[in-house]
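One chain, chain A, links the two complexes that follow: it is found with chain B in the first and with chain C in the second.
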Partner chain A sequence: MITDTDIAVIGAGPAGCNAALLAAEYDFSVVMLDEQVSPGGQVWRAKSPAILSAPETPESVAGESVRNAISQSNVTHLGGVRVWHIERSEDAFVIHYENAGVSISLSCRCLVIATGARETIQPIPGWTLPGVVGMAGATSIFKQDLIPIGSKMVVSGTGPLVFFVAAEQQRLGGEVAAIVTSNTLLDWIKALPAMLLRPGLLFRGLRWITAMYVNRIPIYWGHTVTRVEGESSVSRVEFKKISKDWTPQGQPRFIECDCVSLGSGLISAFESFQLAGISLEHNSDLGGWIPKQEQDGRTNVGGCFICGDGAGIRGSLAAETHGKLAGLSAVAFLGAKINHSIVKLRREYTRAASFGEAMSKLSIPRPGLTKLTTAKTVVCRCEGITRAEIEDEMNLGAQSTISVKSGVRAGMGPCGGKFCQTAITDLIAKTKSCPVSQIAPPTARPPLRPISVNTLAGDFDYSDLPISKPSPL
Partner chain B sequence: MGCASALQMAEGGMKSIVLDQGDLGQGASGVNAGTLSLQIKRVKLMPYAIRGHQEWESMGDAVGFRKTGGYTLAFTDHEAELLHERMSLKAEAGAPIEFVSNSALREAEPNLADQVVAASYCAEDGYANSSLTGQFYRARLKQQGVQYREGFKLLGVEAGNDGYVIRSANTTVSARKLLFSAGAWLKSLTALMGVELPVQARVNTVSVTERLPMLTRSVIGHATGLLTMKQKANGTLLIGGGWQGRGTPEQGRGQVDTDSLRSNLALARHALPAAENARILRSWTGFEAHVPDFYPLAGKLPGYEDVFVLGCVRGGYTIGPYIGKLMGDYILERTTELPLFNPGRSFPEVVV
Partner chain C sequence: MFQLAPNHQDDIVRTAKIRFTFDGESFLAHEGETLAAALMRAKLLHIRDAPGDESPRGVFCCMGLCQECVVQVDGKTIESCRLSVSPDLHVTSLRRQLDT
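Let's look at the complex of A and B:
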């Protein structure tokens, strides 16, 4: 099959950009597609054009550098487009994407999927109130628009992101009422050896924390927000101390605030991998369900390579080198002779990955986490399905994510389960008393994002429709 | 169909166990568009389809049953001719189908396209929610004390002392009689018994939109059968019509083919222009098994007295609960209300 391009890269974050840049060095035609207008992904998200002169941050500097590299390279960057389906044939892939209301297809010999991560939030009472924002969602707003969120924020979650969100909220002129984190100082001390591999980042983190102490912002280690309260928007949160397995215990305490940033860690955005035919496996150290993979981004689907956080949460530093390695795997697949040092890149990758993995470990869910979701808490927010409804369905005999989805519509709304599937899977595993690795996510279905009938149907004359002969009488 | 047979056997005092490689009701019966329309049933199968409708109606809310009435549309003179010819035969076979004027259609369904040349109507038509099939039958089996095992991956069948021993990776089940009712997976199962049945699978595509304001109240079809469309009580619009995806049952779930999807949605938009800006949330495929003459396999497996096969029922979602009951009766050695379809008959060579 003659294809439109040699290599297509889905996702323009650190992994996708580096894969595309390296592949282009070997004189293959490379097309990189991304939902955002400018390359950078979530971590290097570009500033809105209205505020380009705003002060630099480490993320904006790294983002500008990769954006320049892409614009000076032979990589064809398609920004502001949405991939909605991936089809496989014997020797090619066809990617279908939406651009300004029109569906376009792009065929390629080789596919690199770098769709990154999304955040997961354990549902708690009140988490659907206006004023609640995900931690990763908050960083997107900070990076793109440089504005604080609300006037007084409580940040509650796991891993390093709690401190980044709090520090940025403050830097941008907002107030932070408190940081509540399930992690303890001991958790962080355990992560120290890996963090010493990246002294620059360690120092940056310490600076955020110091700033909190200087500004007398309370940090509640080993605590979690258990409830968000308010009539029509957030007015305060309830929080509790948690046990070693993250079960909330003790007396509730309260903090007044008008917004809450919640986060329970990052997970792979794995639907594209599923559509491409890559099997999933469970690895709680790397964010739960991730695509099965071999060295340097190779997969069980010939010609399809994966890199970055989508392949397992290891952070942006690891994603950069992982992208390079996957780019090299792709060009090698197409027959190029590699003149980069793979050994050196692998070493770099291992080093960066061990830092990222140590950060991911701080967010590995513990058994008590599901206790935050009360019977009446909405779990599937698109369809308004509560924990009790999901458990009732299981008591009636539903034993899998597919049965729960069919029976109560949990995960059948516009997000397609992207928001709730982690919590639902945990609930099923808990009810069945089996490891979550035995509860596979449902089959992925196109479109990857909601796409209108007009876009999918395209322009046509009725007489052009391929109407076959009617079914037998 | 397997569940309906097992329930009927339980009613007749025969103990049975239902084995499924996945979850109950998650094959074709759980992923089809849920259309219950006599206008798309085969003439010879009409008595079965009419009784099938009665079964679904009796299941009621538990399966999301709604009798909305259904219109079948023709947009060209040729299609109008086709519609008249086909619907007249179906009406003769007992379906209460009538032809309606454009003004009557417009009054009932004001959002449909202006270009309709002819339309037929059947008051018996409606839909059920196929997602609820598994939930419904699981509850019924439990209620009747019929055992079932989900996630049972059948590896082999051997002759036992008094019947058969069915083997999976970690367990065996023995039974005096076997019924294979595995839809598109029938072929590989009966092959285990040394019988090659000419079963093929169509890969039908279905799509669903986000919730919309009410645009249509009836089940909408097309003279060729290439469109089924209905808006559910929650506002989502479900679009099917048998456009073909890719894949085989042996490879797992099928895949959506974008060309098929495009044509399917173009036809839906042509019929209901008001849906043009609705966003599609999900498209999927389901396997519909058939044999070359497009009539059911329902009877004894050729060469066996105590092995039965049930499947390849054209319009299987509609007819399934009824023909499953007939199968139960047959295994119980009762006289069946309507005749079954011998799987040992000869099939035409040419496969359509």
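Let's look at the complex of A and C:
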């Protein structure tokens, strides 16, 4: 089959950009598709056009450099488009994506999936109130619009992200009422050896924490926010101490605030892998369900490669090298002779991955945290379904994520289950008294993103079709 | 404030402010910023009501996944975290209209 491009890369974060750049060096035609207008992904998200100039941050500098590299390369970047389906034939893949309300198809010989991660947030009473945002979500507003969120924020969650969110909120002129983190100081001390692999980041983290102490912002180690209160938006949060397995216990205390940022780790955005035919496996150290993979981003689907956090949560540093390795695997698959040192890249990757895995370990929620979701807590935000309603359905026999979906419609809303699936899986595992690794996630079905019927009907304009930059050959 | 944590808000240069409307009310925003950010600056957090229990909702994931921040523009439903503010923007919310 004659395809539109040799290689298509889905996702333009650290992994996708590096895969695309490297593949383009080998003179293949490369198209990189991404939901955001500019390359960068979540970690290097570009500023909105409303920002004319702003002080640099490590993230903005890294982002600018990769955006320059992409614009100077032969990579065709399709920004602001949403991939909603992937089809596979014998020797090609067809990607269906939406661009400005029009559905377009793109065929490729080789596919690199670098769709990254999304946040898990344990549902708690009041988490649907306006003023509650995800931690990753907060960083997205910070990087894109450079404004603080609300005037007084409580940050509650796991891993290093709590400190980044708090520091950015202050840097952009907002106030932080308190940091509430499930990790203890001891958890952090245990992670020190791995952090010494990245002294720069360790130093940056220490500076944030010192600044919090100097500015008398309370940090509650080994605590979690248990409830958000307010009428039509947040007015205060309740928080409690947690046990070793993160079960909330003890007397509730309260903090006044007008916004809350919550987050308990990242999970792979695995739906695109499922559509491409890659099987999933469970690895709790890497964020749960991840695609089965071999070395350098190879998978059980010939011609399909994976890289970055989507392949397992190891952070952006690892994602960069993983992207390069997957890019090389892709060009090798297409017959190129590799003139990069794979051995050196693998060594770099292992080093970055062990740092990332230590950070994941701090971020991954422990079992007690699921007790935050009380019977009356809304679990599925889209359809307003509570834990009790889901449990009723399970008692009637729904024992899989799919039957819960069709029974009470939990996970059927416009978000496609992206924010309730983890909690629902936990509930099923609890009812069946089996590990979560035995509860398979639902099969991914197109569309991956909400798109209108008009788009699917596909009245497209030929001028909307992507024209690949000509291959330099 | 201690220099370990500098406040950069005054060092950020933004585009000129323009007006847009949200349920008929006029607000200021920097041209090109996301509607989600513009509404946050205006302290307008309650963007819509959930279809079922009618509970108030607002920006949550900030990256186009959760659909909590959707509004209507020219009859089309669109996420406010993925929409840039432009001079002729007229937004209709999905709140119950008795709400203020």
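Going forward, the second predicted complex is superposed on the first by the 458 of 473 C-alpha atoms of A that agree within 3 Å, B and C clash if a C-alpha of one lies under 4 Å from a C-alpha of the other, contacts with A are read in each partner's own complex, and residues count from 1 in each chain.
FYI, contacts are C-beta pairs under 8 Å (C-beta built on N, C-alpha and C of every residue); 3 or more make two chains touch, one makes a residue touch a chain.
What you see is a predicted model, and the numbers here were worked out from it, not measured in a lab.
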Partner chain in contact with A:49 - chain B first, chain C second, else both or neither: second
Touching partner for A:384 - first (chain B), second (chain C), both, neither: second
Per-residue touch tally on chain A - higher for chain B or for chain C: C
Which of chain B and chain C A:214 touches, first, second, both or neither: second
Touching partner for A:204 - first (chain B), second (chain C), both, neither: neither
First, second, both or neither for A:172, with chain B first and chain C second: second
Which of chain B and chain C A:282 touches, first, second, both or neither: neither
Chain B versus chain C as contact partner of A:138, first or second or both or neither: second
First (chain B), second (chain C), both or neither touched by A:413: both
Partner chain(s) touched by A:149 [first = chain B, second = chain C, both, neither]: second
Footprint overlap on chain A, where chain B in one structure and chain C in the other make contact: 413-414, 450, 452
Complex contacts: residues of chain B adjacent to chain A: 22-23, 25-26, 30, 40, 42-43, 75, 82, 86, 89, 115, 131-132, 134-135, 138-139, 142, 150-151, 209-210, 223-226, 242, 253, 255-258, 261-263, 265-270, 275-284, 294, 314, 352
Footprint of chain A on chain C - complex, ascending: 1-2, 4-9, 11-15, 29-34, 36-37, 40-41, 45-47, 50-53, 55-68, 70, 76, 81, 84-85, 99
In the complex, chain A residues that touch chain B: 85, 87-88, 94, 96, 103, 105, 393, 396-400, 402-403, 405-407, 409, 412-414, 416, 443, 445-447, 450-454, 456-458, 460, 462, 465-473
Sites on chain A touched by chain C in the complex: 35, 42, 48-55, 118-119, 128-134, 136-138, 140-141, 144-150, 167, 170-173, 207-208, 210-211, 214-215, 232-233, 259, 378, 381-384, 413-415, 418-419, 449-450, 452
